[in-house]
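Presented sequentially are two complexes of subunit A, the first with subunit B as partner and the second with subunit C.
Now for the complex of A and B:
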């Protein structure tokens, strides 16, 4: 019986687990949260159950079905609060326990195959004033809404790019807050061009369409304005958010002079798409594509033969694509073949959904001139307090085009979040002005220690290995 | 005189500055960006404490004196653009546990003292007064007030900016492809991915890649990589005041063993993080961050300073030190290929030794008298050639 370890219990990871088990593998799912579901199906903790999860979550029934199947499956073990902090030559190093707990247990897995389903976190472009209290990442606001039922404010502005803004607005409204407006940076012409092209493809993804229609209905019901081609280009307030400036953008996301207007608000949710969580894939040795996702073949296999990847780390595509990719990855990781009848439906779905994902990516691509809304004082790296002017000073003093040196000179990306929030932004700001038009050196995605770990935990003997247990036998 | 320098790490940058300020026409090439490899992957050690009496210690003492004046010189030469490269003359404390280690440390320090090093023996109480967090197992210690620290990437960029201000040209993303030779076989420049570059002298300052670079130019140099790994904690209130080492530091630097060696150095940085090092492995250019090695570094750091067990590690990084077989830098002209020079092979001491190396090299290359003899560092020395 082959052993498969799956990292991540979001849609892709759950689908991979069930499909690997169905093919006969023994499966362990490692997930950092205290319950399965991932960011997408984030919900109230089990001790505070809610009857309204199905209203807040798209595909809640699918999730419930998968969670129950997993729990009943004798060949699947889910390890929650499992923090994978390193992958070294095929060995998966995990600490199990509360993230800040003092007695986390060390485990090392050496599976026959590994499925990476680590997902993505939301990306936020800086805006003057975005370091004020009351500004949330779109994902952070949604996590508060879904996982805690906490409203981020009373008058909330949602801004950025991508269909995720609709989901966030719907979640925020569900907490009782009022949403002042949803501002999508991509212009209507671009949205229409890519959304409306080849409508038969859209029709082939009814679940996706239904999800978006559902969010749109929430906006209509609550009379929330959805304004394309606009962005929050400044956030004002003394001690916290008091107002935002909204500007019309041109096609390159440069604010159009004279279009500014000020709106009263006490909270802002900003989201400009997603960044894949790549550190474990990089540690495992997986090759990345030019667009910086994990490269996979038709079997969802990465450049490392025993490592598979599924979901957002292979390209931002949403829940349905993640489910299809996960099912394929799990099946093949367990020893199955891509042409097996069990995968026929999933392979077909993946084809359609990937086209849909490409359409989304093109519609909401970040405009090349977004940085024109920054001021010199805008903080880029919040951990280390590095401003736009600090980055420019490091660049002009060194004339360097090397990311590593520029990070060390400016300290951008060196703080506790290790560039998870600012890394791509720092790279974009520096490479746009690099003397030779290119940025050399290590990428901000490389983090050999994938999450903070206490030195005392690191000092343990990591040769002790965890076998993959069979349920009921410990 | 036209000089072409291969490598924009700290040694290449220091040499560019010393040569340009003497009037040479300097071009520095690097296949990547400056300060992007070894010089961005270390602690920034300016040490005398780990060096036994001999040529390297002499070079270290000369070089540390130069670093002290660079603090103000580089700020002036770069018009304030590099007002600081986090130079901290904080001193070092070497702590021994057990009688054998204490005796070895005492002998080592005594020899250093005779060579002029300020090495002050400390009682346990005195050691704890300097470093309150030292482990209870410490039996003796030595204080080295001359040890200091810089942020090596910033220091490299500052040296390079000074070199540019003195007329040097820096060509990043320019890869060496081969030699340019004249009819007599003399090296008169190099070919690169961006075209040929002529020079009266070609200086290899390519750190761990110096052996490869020499081969590309038609010469032989026994300098290669030794991998090292480091840990960085989250910012914390300062509880470590010097560079603090255990006694295995000296052992590892001077060992010839091929496998893993770790020796402990912990210190606070200007930004509030704590650096925890370090390891030394002979594994070629395999850059994998090995968990077993990190664990060993962590264990020894906790043995030295137990409070670190609760410190949060946010980053691990690794790099390659330029290793030479007899542990001495290689500074001077190639014995066989006319026109080829070296400044490399400093292993873990390159940051500290860079300014001294650069001054000696520049003087020798331009036919001026050198502040100390370069003979121990001669590229043609027998101890360097005994390589299989």
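Now for the complex of A and C:
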């Protein structure tokens, strides 16, 4: 019986676990969160039960089915609160216990095959004032709404790019807050061009289409304006958000002078797409694509033998694509083949959904002149307080375009988040100013330690060699 | 109050009864329910800020809500650098705001 470890219990990881087990593997699923579901099915903890939590979700029944199947499956073990901090030549190093605890159990797994399903997090472009209290990432506001039942404000502005903004607006409205407006940076002409192209493709993804229609209905019902070609280009307030400036953008996301409007608001949700969580894939040695996702072949294999990847780390495509990719990855990781009848449906769905994902990416691609809305004082790196001007000064001081030396001089990306929030922005700002337009191929994605660990936990020399149990044993 | 909990009585999901807990935040008692994170309890009381950035002393609280940004670090029961958005609060937890000292583990 082959042993498969899956990292990530979001849609992709859950699907991978079930299909690997169905093919006969013994499976362990590791996730840092204290319950399964990932970002899409982020929900209230068991201590806070309710009668109709499904109202906050799409595909809740699917999730319940998967969760129950996993719990009942003797060959699948889910380890929650499992913080995978390193992968080293096939060994998966994990700390199991409370988030940022100090006395967690240190384990190492050495499976026959590994499926990476670590998902993605919000990409947030800086805006003057974006570090004021009351500004949240779009996903963060949603996570607080779904996972805490907290409304981030009374008058909430949702802004950025991508269809995800609609989901966020719907989640915020469901907390009883009012959404002042949804501002999508891409212009209507671009949206229509990509969204309306080849309508039969849209028709082939009924679940996604239904979900989007559902969000649109929420906006209509609550009379929330959806304004394309506009962005929040500044956020104002003394100690917290008091207002935002909304500007019309040209096709390159440059604010159009004279179009500014100030709106009263007490919270802002910003999201400009997603960044894949690549650190473990990079640690495992997986090759990345030009667009900086994990490169996979038709069987969801990465460039490293016995390491597979599925879900948003291979490209942003939404829940259904994550499910299809996960099912394929799990099946092949367990020893199956792509041509097996068990995968026929998933392979066909993946093809359709990838096309859909590509058109979304094109419709909402970040405009090349977004940085023109920054001011010199705008903070770029929130951890280390590095401003746009600091970054520029570091550049001229080092007279080098090497990302490493620029980071060391400016300290951008060297704080506790290790550049997760600002990394791609720092790269974009520096390479725009670098004469050769790039940074010697360096990137901010590499993080040798994927999860925070305490020195004490490392020093204690008792990592447990964890077997992959049949449930109830070990 | 701006940031606030969804009132259970009108929440369409119809929450069942929850278990009240109390934590101490800088010596002040804060009420919450079991299952909330430390950040959840703070935000539910419209506390948006519990840390200052190391260089500019700018206010920070929760930003990403999913454990990625590290804006939300607090001291919990004497332990520094705990992400408030990831840590479930337990009755009697003692939460303090972080001073600007060197962070542990670097």
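Here, the second predicted complex is superposed on the first by the 469 of 474 C-alpha atoms of A that agree within 3 Å, B and C clash if a C-alpha of one lies under 4 Å from a C-alpha of the other, contacts with A are read in each partner's own complex, and residues count from 1 in each chain.
The definition used in the following text is that a residue touches a chain if its C-beta (ideal position, glycine included) is under 8 Å from a C-beta of that chain, and two chains touch if they have at least 3 such contacts.
All figures in this text were calculated on a predicted structure; none of them were measured in a lab.
Once chain A of one complex is fitted onto chain A of the other, the partner contacts of A:93 are limited to subunit B, with no touch recorded for subunit C.
When the two structures are aligned on the shared chain, A:135 is found in touch with subunit C, with no touch to subunit B. By the touch criterion defined above, A:174 lies against subunit C but remains apart from subunit B after alignment on the C-alpha atoms of chain A.
Once the two structures are superposed, subunit B and subunit C can be ranked by residues of subunit A touched, with C on top. Touch criterion met: A:148 reaches subunit C, while subunit B stays clear of it.
Of the two partner chains, subunit C is the only one that A:420 touches; subunit B does not reach it. Contacts of A:34 after superposition: subunit C is touched, whereas subunit B is not reached.
In the superposition on chain A, A:22 makes contact with neither subunit B nor subunit C. Of the two partner chains, neither subunit B nor subunit C is touched by A:286. Judged by the touch definition given at the top, the superposed model places A:240 against subunit C, while subunit B stays out of reach. The contact surfaces that subunit B and subunit C form on subunit A in the two complexes overlap at residues 384, 415-416, 452-455. Residues 2-7, 10-16, 18-19, 33-37, 39-40, 43-44, 48-49, 53-56, 58-71, 73, 79, 81-83, 85-88, 103-105 of subunit C are the ones that touch subunit A when the two sit in their complex. Across the interface of their complex, subunit B is touched by residues 86, 88-89, 91, 93, 283, 384, 393, 396-405, 408-409, 411, 414-416, 418, 435-436, 438-441, 447-449, 452-456, 458-463 of subunit A.
Listing the residues of subunit A that touch subunit C in their complex gives 32, 34, 39, 42, 44-53, 55-56, 98-102, 121-122, 131-137, 139-144, 147-154, 174-176, 239-240, 266-267, 379, 382-385, 415-417, 420-421, 452-455.
Residues 32-36, 40, 78, 81-82, 151, 153-154, 156-157, 160-161, 164, 170, 172-173, 231, 233-235, 271, 276, 288-292, 294-295, 298-299, 301-302, 308-318 of subunit B are the ones that touch subunit A when the two sit in their complex.
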